[in-house]
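Paired with chain B in one complex and with chain C in the other, chain A is shared by the two complexes that follow.
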Partner chain A sequence: MARYLAGRLAQAVGVVIGVTFVIYSAVFLLPGNPAAALDGGQPMSPATLHAITVAYGLNQPFIIQYGRYAMGLLQGDLGISISTGQGVASLIGQAWPVTATLALTAWAVEIIVGVGSGVIAAANRGQAFDRLVQAGSVLLVCVPVFVAAYTSQVLLGIRLHWLPVAGTTTGWPASYLLPASVLAMPGIGAIARLTRATMLEELRQDYVRTAVAIGLPWQLVVVRHTLHNALVPVITCLGTDLGFLLSGAVVVESVFNLPGVGLLAYNAIQNKDGTVVVGVVTLLVLVFLVANLLVDVLAAALDPRIRYR
Partner chain B sequence: MKNRQIPVVVTVITLAAVAACSTASSKTSGSSPRASTFTVAELEPASFVPGKDDGIAGDELNALFAPLTKFDAKNHLTYVQANSVIPNATATVWTITIRPGWKFQDGEPVTAQSYVNAWNATAYGPNAWAGNGDFTGIEGYAALNPPSGKPTARTLSGARVLNATTIQVRLTHRDSQFPQELSLPGFLPLPGAYFKDPAAWEAKPIGDGPFEVSGAWQPNKSLTMVRYAAYQGQRPTAGGITFEIYTSEAAAYTALQAGQVDITAIGPATYAAAERDMPADVVAYAAPAIDYLGFPLYNAYFGNKLIREAISLAIDRATITRVLYARLAVPASAILPPAEDGAPLNVCAYCGYDPARARDLLARAGGWKGPLVLWYPTGLGYDQAAKAIANDLSQNLDIKVTLNAVPVTSWFASLAGKKVTNGIYIGHWGAYFPSMQNTLANLFKTTGTGYVESWYSTPALTKIINAGDGATSPAVAQAYYRQAEQMIMAAFPVVPLYYRDYVYVHTSAVTNVVVDCNQIELSDVAVR
Partner chain C sequence: MRRPTVAPAIVVAVVLAMVIAPAPFAALFGHGDPYACDLARSDRGPSWGHPFGFDMQGCDLYANVIYGARPTVTIGLLVTAGILVVAVVLGGAAGYLGGVTDAVVGRLADVVLGFPLILGALVVLTVTPDRNVLVVSAVLVAFGWPAMTRLMRSTVLGAAGWDYVLAARTHGASAFRIVARHVLPNAIGPVLVYATTAVGGVMVAETTLTFLGVGLQAPEISWGIQLADAQQQFLQYPHLLIAPGAFLSVTVISFVALGDALRDALDPQGTSSRAGRG
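Presenting the complex of A and B:
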């Protein structure tokens, strides 16, 4: 297991170095000069443009620019954002907690509502609640995120004044409940259906019939025996989903004015702000790698048949 | 199997807990008592250093600093920190005296040196501050901004401190509009505290204006200010302001509807909704800004004036401003916006809507073969307007029009590089201060930063604009600028489209929201 983990981590280092190069060259190839976008819709005086271009080394050839960036990176310096003049590390430091809070809240909603309703639906197969879950999950997966976002804002924020519609000033959980629920919606649908399906399959197994036959209470059979075995594919799905949630959600972040990494990356690409794009994307790759690793380890813990060497 | 229902109960309890949690938190949002402070939505600024401002932090800077001069709501120049701004006979040497006794919010007196220190830092090329271009007209600028190599000086030779309250500025050219130019953020002062520790200053900015920062700047979140008790200028009505950072005007508008924000700027996409939802609370300022169509005049075909006239007459400006801008834009009848002091109206002979005459003019010019490409920059809200203009042209002139959206990062380079050869483009000039000179000198002099957006300038025109710059009386200067406009409209190098307003909305929690070329008049806002 330890050797397996070390191997996976060594892979991650290689992936990260490769990613910085690929992303940096991709941003470099985008047309335009990031300094030119600084003055909004107005052209900048040539002297100012020149001063900024020189200050950020934008007139250097690609390989020199990347070399300087890579050298800085090795010393832990993520560079400076051209469009804001702030350090990339501090920009990510501001955006990351927002995205992490949003993602983890959404993830918790997915687990509680998704797994919960899936299990209950399976345990009550064919009854009203089961049908509700089946229909509801399709609806949740189908509704576009921005439709759900605006509708929930108008209903719960503007009409009823229950929850704030924008920003993080009210703090957790109030500021995050609405966006997290909207963000979790497709996940809830998928997780509920998956949980229900795997639960139904497990409930048909012989050991369940035996457990019921020897007189164990039904909820004990469902929760302790069946759920445990049915969770392996659900955990895999939840793990991938966490990576996806943590990578930032541009639509939800912008509608609810949450300054997270999704928006940071989106704006940086718009402004051709290379150092920010590379910093954010590399971080996201790391998050995905770690999330996947966690999923694999967790799957092994749940299912003794899975072993890594 | 009776017990099968139990898990349902568990879930219901969980959901009830979540719901309870949300109702409990709702008490903290919504309308909490906020004393006499109000909230303004802003985009995230790069910095609060005036010289670094790229046009985003305008409201915050107006709250934090007192300018030398300032335009009032009627676009007339007034003096704030300046006592007098007096030219010599040729308008090349200006003597600025400032009012004594004003203090920065850390107690340091505001002196002539506070101004010159800030100007030197902004004008110093290697600092790469966004306001650098404000100082091109001052003597010694070239030494601080050599085309290559290191600057030979650290300070502007043309900005001299004569005594604690007097600055003498020497310009490279005559400029009658220098007092107007002093209203730009680049000309604000900086306290010694900034130069001692820039990072600490950025974390908690110190200015000399009507409001001072309370608490620290929270990037991407908010900046809170309270009334500065020792301020010597107009005393603000409200006790304080919280600037909350929004990532888009659309998000800010939603927050305003929910009562989280009191004042926000809105974009054209929200105009119609705001006029419908809260018509009484929409505040618009007819800005000194013009949208126009530009032509590749270096291309012989577009050098033909008949073509430009035909295109101009084929555009239904009234419908575009009504439908796309909810009447918060005015069809143009001149290239100079009426907000600019003394600007004439109705000097455009071809700004009406006359499709028949347009077709006739196009035929006389030899027609147009192949698709006409309409170029415009992305991300600045032109997409709808570009579609509407393309539609008008293709229907009224019976030609095929295609759109070419260019990323804003390469837009001006495309124009400067003469990449537009097969069509026309959407141009825009928002004057930095409401003087006719700003639009004329920038768009129609070869030295102007917007010259690549018009490609039109003649020696005779430059001579007239320069004559206006050299006049020491405002009335004489304006007369020259009006003459320049007549010359431009006669040559018709660009097609004026419309003047767009600055549009804000506010909640009923605040009153007396005045918007002018300084954006929001924050000191006037009253909290109900």
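Presenting the complex of A and C:
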């Protein structure tokens, strides 16, 4: 286990370096001098422009700028927003709780509804509920998040007045229930399909036949004997899924006007505020990588075969 | 369980026909010209000859939705084809050659997989001022290739272990010839199935990026642009959102269902990787 852990950790560090390098190069290539965006609509003298360019280190070679950025990142310094002058870390710090609440709520919805419906469908193979889950999961995976977001906003929020339409003023859970459910929809479909498939695979095993033959009730066989083995691939999938949740958060937060890091990134992109975009995406990617690391370790703890692959 | 095969195949065929020759489809009900706009009819609901009504500029929404299929579906097919080429080259090389090649491809894939697709594309596309179909496609290929390449690598690994591959090698065949003639034909099945399903996911990714404002731009006609425009006024005029949204959803579902049916036909035991998602 220690060897697996060390290898997996080394891989994660390499990926973090590669990912930050890709992000930083992409934003460095933004056309135009970002310092020129600070003119506030007034003409700016070349001397002032040069002073700002030097102050932000924008005249140095790319690799040095990246090095400074990486050193800062290690110390928790994400730079300063070029458009507002605020620290990126503090901007993200203010917005982060909203996104974390949204993503965790969506994750919970995904696990409860996705795993639950997948298990029930597999245990009742070929019956009405199974068919409903099979058809419904394709539908959920395929409908784009923003189409679902607007449709549910109109139907549940404006026509039926069941849930708040936008903002976080009513707090958790009311404000988050609708956005989180919309965000979780593709994940519910994918998790339900995967859970159903792995459960069906597991229910074919000899030990299940033995358990049924010695007279154990079907529900007990499904929950006590099969579920544990079938959940390992599902847990791995939940890690990958957090990536979809975090990128989906950018869409859902802009539709439902939730002041999280997704909305922050979206607005920063409109303002060409490179450091904020880099900060937010770096943070989201780091969260994604750490979550995947934890999920892989959890899967290796549950299934010893993974450690020796 | 038998899956529906005929309906998705028909939908995909009709959508492809719409992409190749939109004019006859657009002219089914009215004048069929997406650029014939009359501000006096702005945001009107459905009427005779205009089954989906009009958009804010007073253009016939039905004709626009028909013409809007072209960029979205083109990007779906183009990106999938690009990813397929990358997967065959890199995945084939990594699986057959192993060693250093395998390690380099594997680490590259790790880094790219560190990006959720939309976030990676978002960062790069904001940098690009002129975003047309080709640019958006290239960026989606750059961030979308690892999953299919990994699948290709594992199927090549499986197919390269057979005795006839060893026989070909003892006959002195080159690595390229062995891969192209003996390994690939046996390894590509699951990858093609995955590719069919992936078309739908790519289309969702494209419309999402366009919706966020970093995908295609007006005056291009596309489902993503129509949906992005509709968000300003969907409270008063929901028909603006429903028409392109329904076309997009049905097209994506059809590609995914077609991929599922293809997998059942080619791989009845379900050993290939499960369906991808967008």
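In this text, the second predicted complex is superposed on the first by the 233 of 309 C-alpha atoms of A that agree within 3 Å, B and C clash if a C-alpha of one lies under 4 Å from a C-alpha of the other, contacts with A are read in each partner's own complex, and residues count from 1 in each chain.
Simple rule for what comes next: contacts are C-beta pairs under 8 Å (C-beta built on N, C-alpha and C of every residue); 3 or more make two chains touch, one makes a residue touch a chain.
Only a predicted model underlies this, so the values are computations on that prediction, with no experimental measurement involved.
When both complexes are overlaid on chain A, the residue A:Pro97 reaches neither chain B nor chain C.
Legend: residue contacts after superposition of the two complexes on their common chain; A:Phe256 is shown touching chain B, with no touch to chain C. Of the two partner chains placed by the overlay, only chain C lies in contact with A:Gly243; chain B stays clear of it. Of the two partner chains placed by the overlay, chain B and chain C both lie in contact with A:Gln270. Looking at the superposition, the partner that touches the larger set of chain A residues, chain B or chain C, turns out to be B.
In the superposition on chain A, A:Pro144 makes contact with chain C only, not with chain B.
Of the two partner chains placed around the shared chain by superposition, chain B is the only one that A:Trp218 touches, whereas chain C remains out of contact. Contacts of A:Val15 after superposition on the shared chain: chain C is touched, whereas chain B is not. In the superposition on chain A, contact of A:Gly67 is made with neither chain B nor chain C.
Once chain A of one complex is fitted onto chain A of the other, the partner contacts of A:Ala123 are limited to chain B, with no touch recorded for chain C. Note: residues 30-31, 150, 158, 254-255, 270, 272 of chain A belong to the chain B contact set and to the chain C contact set alike, using the contact criterion stated above. Taken in their complex, chain A has these residues touching chain C: 11, 14-16, 18-19, 22-23, 26-27, 29-31, 126, 131, 134, 138-139, 141-147, 150-151, 154, 158, 186, 189-190, 193-194, 197, 243-244, 246-248, 250-251, 254-255, 265-266, 269-270, 272, 277-278, 281, 284-285, 288-289. Those residues of chain C that touch chain A in the shared complex are 1, 107, 110-111, 114-120, 122-124, 126-127, 129, 200, 204, 207-208, 211-214, 227, 230-231, 234-235, 238, 241, 245, 248-249, 252-253, 256-257, 260, 270, 274-275, 277-278. On the side of chain B, the complex with chain A involves touching residues 1, 3-8, 10-11, 14-15, 18, 21-23, 25-26, 28-31, 44, 46-47, 52, 54-56, 125-128, 130-133, 136, 141, 145, 147, 219-222, 244-248, 250-252, 254-255, 257-261, 377, 379-380, 407-413, 415, 428-430, 449-450, 452-453. Listing the residues of chain A that touch chain B in their complex gives 30-34, 36-48, 50-52, 54-56, 83-86, 90, 94-95, 112-113, 116-117, 119-120, 123-124, 129, 150, 153, 157-158, 161-170, 173-174, 177, 217-219, 222-223, 253-257, 259, 263, 267, 270-272.
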